[in-house]
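Below is one structure, written out as structure tokens; the observations come after it.
The first chain written gets the first letter, and so on, giving A, B and C; residue counts start at 1 in each chain.
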Amino acid sequence: MQPAVKIHNLHKSFKELHVLRGIDLDVQQGEAVVLLGSSGSGKSTLLRCINFMEEPNEGQVRINGDLIGTERSGRMVYRESELCKLRTRVGMVFQHFNLFPHKTVLENVMEGQLVVLGRSKAEASEKAMLQLARVGLAEKAPEYPARLSGGQKQRVAIARALAMDPEVMLFDEVTSALDPELVGEVLKTMRQLAEEGMTMVCVTHEIGFAYHVANKVCFLNEGKILEQGPPQQVLKNPKTDRVREFLEGHSLFKLP
Amino acid sequence: MHVWDFYATLSDIDFLMIGLWNTLRVFALALFFGIPLGLFLALGRMSKIPIISQICSFIIEFFRTTPPLVQLFWFFFALPILISVQMTPFVASVLTFSIQSSAFFAEIFRGGINSIDKGQWEAAKAIGMDRPDCLRRIILPQAVKRMIPAFAERSIELLKTTTLISTVSYADLMFQANELASKTFRPLEVYTVVAMMYFFLILIFSQITILLEYRLARTGEGTLR
Amino acid sequence: MQHNWNFSSVFAYWDVLLIGLSGTVKLFAITCIAGLIGGLVIGILRYSKNRWMSYPARLYVEVFRNTPVLVQIIWFFFAMPVVIGVEISAFMAAFLGITLNTAAFSAEVFRGGIQSIEREQWEAGKAIGMNYGTTMRRIILPQALKRMLPPLTSRGIEVFKMSTLASVVAYPETLQQAKLIASYEYNPIEAYTIVALMFFLVLLPMVQLTYLLERRFGKAD
């Protein structure tokens, strides 16, 4: 069984800054992987390389065995049309939702299906309602995003990504911009997806979510994976001081 | 003390109305051609291909920086010799102001498109849309609403600039005013009336603009606070 | 293009062009300064709490922003002499038309700049005992002036372009001189191309300056 996502020797620099320094990562089918690390560790950049919102400088990305890009004189070359196709197979949800404000919730979820996948209006509408029901927001279909709460907007964003029937879902700090009381509903939806067998990679600060839902936790530090393994191992018995330090910082204000 | 006598002016009001009509004709055509041309130039300027982006940038900067009267003269006097075509004042006027206004509209388009949150581009990209689709379905529909005040302001500027076409003998309101003033020997009354006509014409357009901005503000878009 | 470009036919008249250039610069400089001063005065009046000052100022701004400058220039040149019984020179007509228009636009820039300074700054001045005038002078204006630089620079560029309108009343500025050369030498292509390039080369640095100022201080209009 080949991995859903196979990343080999990934490097990414922004001008002078060498953010990713040789990442090797496998995500198996149906696995939920959480990327942890402090700001600047490269976790968001790594996530964004999987659906090529950032183009790696070096290294290879394979989605379900398909190598993305073509090799040309030792370097990988990526055509925009190929990347557009890839993004229909790998869905992404953003920290700031990025819903289309000039379209209704239903239209938001239908948009990609109509324009990119070329589905008929009827089919797109049906699938959209299905996904909206899946995230628990079917009744909000005719509303405009402005009328929704943050948590609801984020769940619509999840439905929008799911409507493309992706093989892998990427979550980029999707609860960081939410009021604390709304975080729960989004995490619940993500847990539900994981339990349904969706392959997902999440960048998050929600350690509790990582502990209870993830199959694998990867800790990034200065552009490399410092530790990876099951959450019970990495989060309860970290091997490196850096990870221990990080976790202690996070549990500073926990309830007694 | 000069005795104001508006009789001669007002009895020939039809003559002035012809001018008003011609002014509006050139204005409308300049907008009709200028706006799409502006969008074309704006997209060209934002193109990833350096040569296209440079050419469009140059055209935009050149027509924004050179005085419209110079442009008008060039198109009316110089161009016909260069490409040996018949040039009428009407064609020169429409040509000049279509291109001149398009340069300004291009910058408005560019500003409007850039004002849309980058997250919208990201979201569209993430579901597999290419640049043209993203612009067409996500970015431009949102940008257009924001650009309307700037468009309206630029259009009013254009309306004022049309007075220049009188210098190439096109029978716009300004030109008719000149003719009538010399015919009636009453420049004071004629020009005062014409000044007031322009004023009210532009005031009406301004008010329409403000109304538009209020309506946009009510639906939550637009820039009026 | 089969045309035989002959730029020397224009450059032979370099002295004529120079007269034009100096005419343009003279008109530009004087109308700019007068327009800015006028704008400052009107702007302060406009913002005043006194109705007798702010309403006329507002009327002024509306009238002179919404009337085409060429109409004003023509009015001053042909119509005003009839009222006041004195000849108005081409320079004077152009000066009046452009200055009054510039003052109206500048007034709005000043008003906008002053209003863009947060209420809190006024309150801070009041809280330490300053009156309206002192607060305006020492706290508000210095901050507002920075924000006003970009739109004022673009106003300056507009004034420079408007100087060509003076050619309509035969004031010897650059375009007018080009018209003369073109009528002597029958070379409108070269004449007007050179004039266009002259304006472009002179104004481009000013335009770049505006972009620079915009980036540092915020939007122009």
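Some observations on this one:
The rule we apply is simple: contacts are C-beta pairs under 8 Å (C-beta built on N, C-alpha and C of every residue); 3 or more make two chains touch, one makes a residue touch a chain.
As the structure is a computational prediction, the values presented were derived from the model and not from experiment.
Ranking all chains by how far their C-alpha centres lie from the centre of chain B, first place goes to A.
Relative to the centroid of all protein Cα atoms, the closest per-chain Cα centroid is that of B. One simple way to say how far apart two chains are is to compare their mean CA positions; for chain A and chain B this gives 47 Å. Chain centres here are Cα averages; for chain A and chain C they lie 55 Å apart. Centre-to-centre spacing of chain B and chain C amounts to 20 Å, using the average Cα coordinate of each chain. Of all residues in chain B, those touching chain A in their complex are 117, 119-120, 122-131, 133, 137-138, 141-142, 220.
Chain B makes touch with chain C in their complex at residues 2, 61-62, 64-71, 73-74, 77-78, 81-84, 156, 159-164, 166-167, 174, 177-178, 181, 187-188, 190-192, 194-195, 198-199, 202-203, 206.
Taken in their complex, chain A has these residues touching chain B: 51, 53, 80-81, 84-88, 91-92, 94, 96-102, 111-112, 115-117, 146, 157, 160-161, 164. Residues of chain C touching chain B in their complex: 1-3, 62-63, 66-72, 74-75, 78-80, 82-83, 85, 157, 160-165, 167-168, 175, 178-179, 182, 188-189, 191-193, 195-196, 199-200, 203-204, 207.
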